[in-house]
Each structure stands twice: as structure tokens, then as C-alpha cells.
């Protein structure tokens, strides 16, 4: 069995944004040399998400609006977590969008459907954050 | 290490439905010959889900009603993703229900609790879609 | 390839609660002897979740209030699943919070960011429940 680990470093210049990280994950798969296996991609921070959906700006704008409806940032005082912090909404949004994805590797490539792309979802940005890529297989 | 890959082909004759795909996943596990390992089951399309819950029709009806409350299909014009498309709500619903499940394989079987069943959740159907089953282990 | 399986037994004395199970998962990783691999942790019951977030009491109180807003328990009669049962809301809450997490194992340890902790989320407690830990790697 072969294993490979990489960290992606991100520093999003906004509180919230979605970033396509598929190219970096592809690069990790290539470097791993794994032909058949599984690739775990997860946010290492609890106010961010990794998820798979469409690379379409209108949809990302819909996600932003929708998440604000389901788990609004303000007023900050509505959450007991907020006090020293103001990011309770980010912890909730991350539950909707998810922490991680597991992607099959087949023939040395991410085994994707036609529109699948991997995104980093930042909900409390303007600081350095990390994404973990862990690959096992052979 | 052993690996196995299968695709399930689905063509749901409705915009939205839930389908129990546990028998097909069991069959893939049997064919893989894997005794101890992990089984990834994911929608290959970004307007569909794979999730584990109860095989009970009342609950599925509750899911349908609940998802329409959280991410209503109509009016289509409320979403920026809609224009050429009308399926923005399907992309949102899929985030609530999830893209994938990872299930343990123990003794050559899906290692399930008493009521766990794997479902395909279609949110933009009436067209061919695929589910990926990827198994690694030995 | 090495594999390891453990079950955690839980009996939460309330309908809903969040419990940090990171120490038990760490112990399973240690016992497995796996140095590089993947660790799956999933609820074996469909009215409970396993998720990763912050070990902060204010946030857990926010989760409880938020989930009651998105998928309220009462009135029980609003759900078709309820009749013999009264736990439809628990099946919905579990979809928001998720069934499982997959965590990388690196150097024999859970490969975590600074604040990641694994929680069991009970939404229909006062009865015995199980969590599965399955580890593969080498």
C-alpha cells in the first residue's frame, strides 16, 4: 500500500468565498503515484468546508445567499458561541456544506462525473487556513 | 491491496425521488472479493445525493417536503444559477443530503447498523445518471 | 494492508446531546497499529450523527437551537414518519450534521487541524446506540 499527504495553504481575502481546488488535488494525485485508491480532501479548520459541486458563479452566489438565510452571520449576538469570537455562523454553515470529500482514484486520475469539481468553502477568512489531501492505494 | 469499481446506471422518471440502492452496492462488494476494507458510494452528478437513512415511505415524504422548505424549487427566478438551467434548487438540496457515503466492509459484508440503507437521492431527474462504487481493501 | 474495527457503545440520558468521542477514536487508532491510512467513524444508527467541529459549549447550544429551527421536533404530527414513532426530526437533523467522518492517519496519529474534535450527535437518545470505527492502512 502506498500513501501520500499534502497540505494546501489558503488565505482568502474575504470572510466568505468559494475556491476551486481541483487542480491542486489533481497535482497531489499525480505526485502520489497511486493508480487505484481513495483520496480524502478535508478542511483542517472548523469554519471552512470542502465539497463537490458546480464551477458556476451564479450558483456560488446562490450558495452565499442561501447559507445566509439558513445560518445568518448577524446579529452576532444571536449565538452563544460569539463573545470573544464572532464566527458561530461559520461553524453552522460548514455543517451544511460539509468538512470533507472522499474521491475514488482510478487509472491514476480522480474518478469524476462530468461536472464534479472540488471546492474550498471559506466562512471565516482573512487568515491562513489549510486543506489536507491524504491518498492511499497502490 | 485489492480494488474494485462499478457504476450504477439510473434514470429516474421524475424530477425528485429516493431509491434504495443497497442491493446493488452489496452485489459490488461481493464481486470485489474484499473482506476488510472501505466502500465509497458517490453520486457522479452534482444535482443528486447518496446518503444513508431509513427505508420508510413516510420519512421519504418528509424529506421531500422538508427539502422544499429549505431550498424551494420555485420560483426558478430566485436563483442566479437558473437561466439556461432551472435546477439551482437541486444543487442546494444535494448539499443537505450529501454527495457520498463511505461504508466499512467487515468479513466481506457492508458493516451496517440495524436500519442503515443506502439511498440515491435524485433532485433533477428524467435523464440518465450514474453512481460510482469504489472498493479498496483485501 | 492492516485493518482494525471497534465499536463505541453509547447511551445518552437525553433525547439530544453532543459528546466528544475523540479520545475513544484515538485509542482505536493506537490499538490498530496503523501508521498511514484512513479512519472511518460513523453512527450505526440513523437518528444520530458523527461530525467534526469545535469543543465549545456555547456552540453546542447554538447547534441545538439551530437544528430545532431547521427541523423542529414538535408538533410530532407534522411528519408522516411519526405514528408509531416520534423521531422524524432526528432523521432530518442527522442529514444536516452528517453520518460519518473520514480522518487521515499520519505517523500513527489522527491528522487533525488545531481545533478538530470528533463528536457523536444524538437526536433520539435514552437508548443504547453504537458508533463504528474502521481503520485501514499499514
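Structural remarks
So that you can tell them apart, the chains are marked A, B and C in the order they are listed, and the count of residues begins at 1 in each.
In this section, a contact is a pair of C-beta atoms (placed from the backbone, for glycine too) under 8 Å apart; a residue touches a chain by one contact, two chains touch by 3 or more.
Model, not experiment: these values are computed from the prediction.
Residues touching across the chain B and chain C pair largely diverge in numbering: under half of the numbers involved belong to both copies. One rotation lays the C-alpha atoms of chain A on chain B, and its angle is 120 degrees to the nearest 5. If you average the CA atoms of chain B and of chain C, the two centres end up 20 Å from each other. Residue positions of chain B touching 2 or more other chains, listed in rising order: 1, 38, 70, 96, 98, 102, 136.
Interface of chain B with chain A (complex): residues 1, 3, 5, 38, 40, 42-46, 70-71, 79-83, 88, 91-92, 94-96, 98-100, 102, 130, 132, 134, 136.
On the chain A side of its complex with chain B, the touching residues are 1, 36-38, 51-54, 56-59, 61-63, 66, 70, 96-98, 101-104, 106, 111-116, 136-138.
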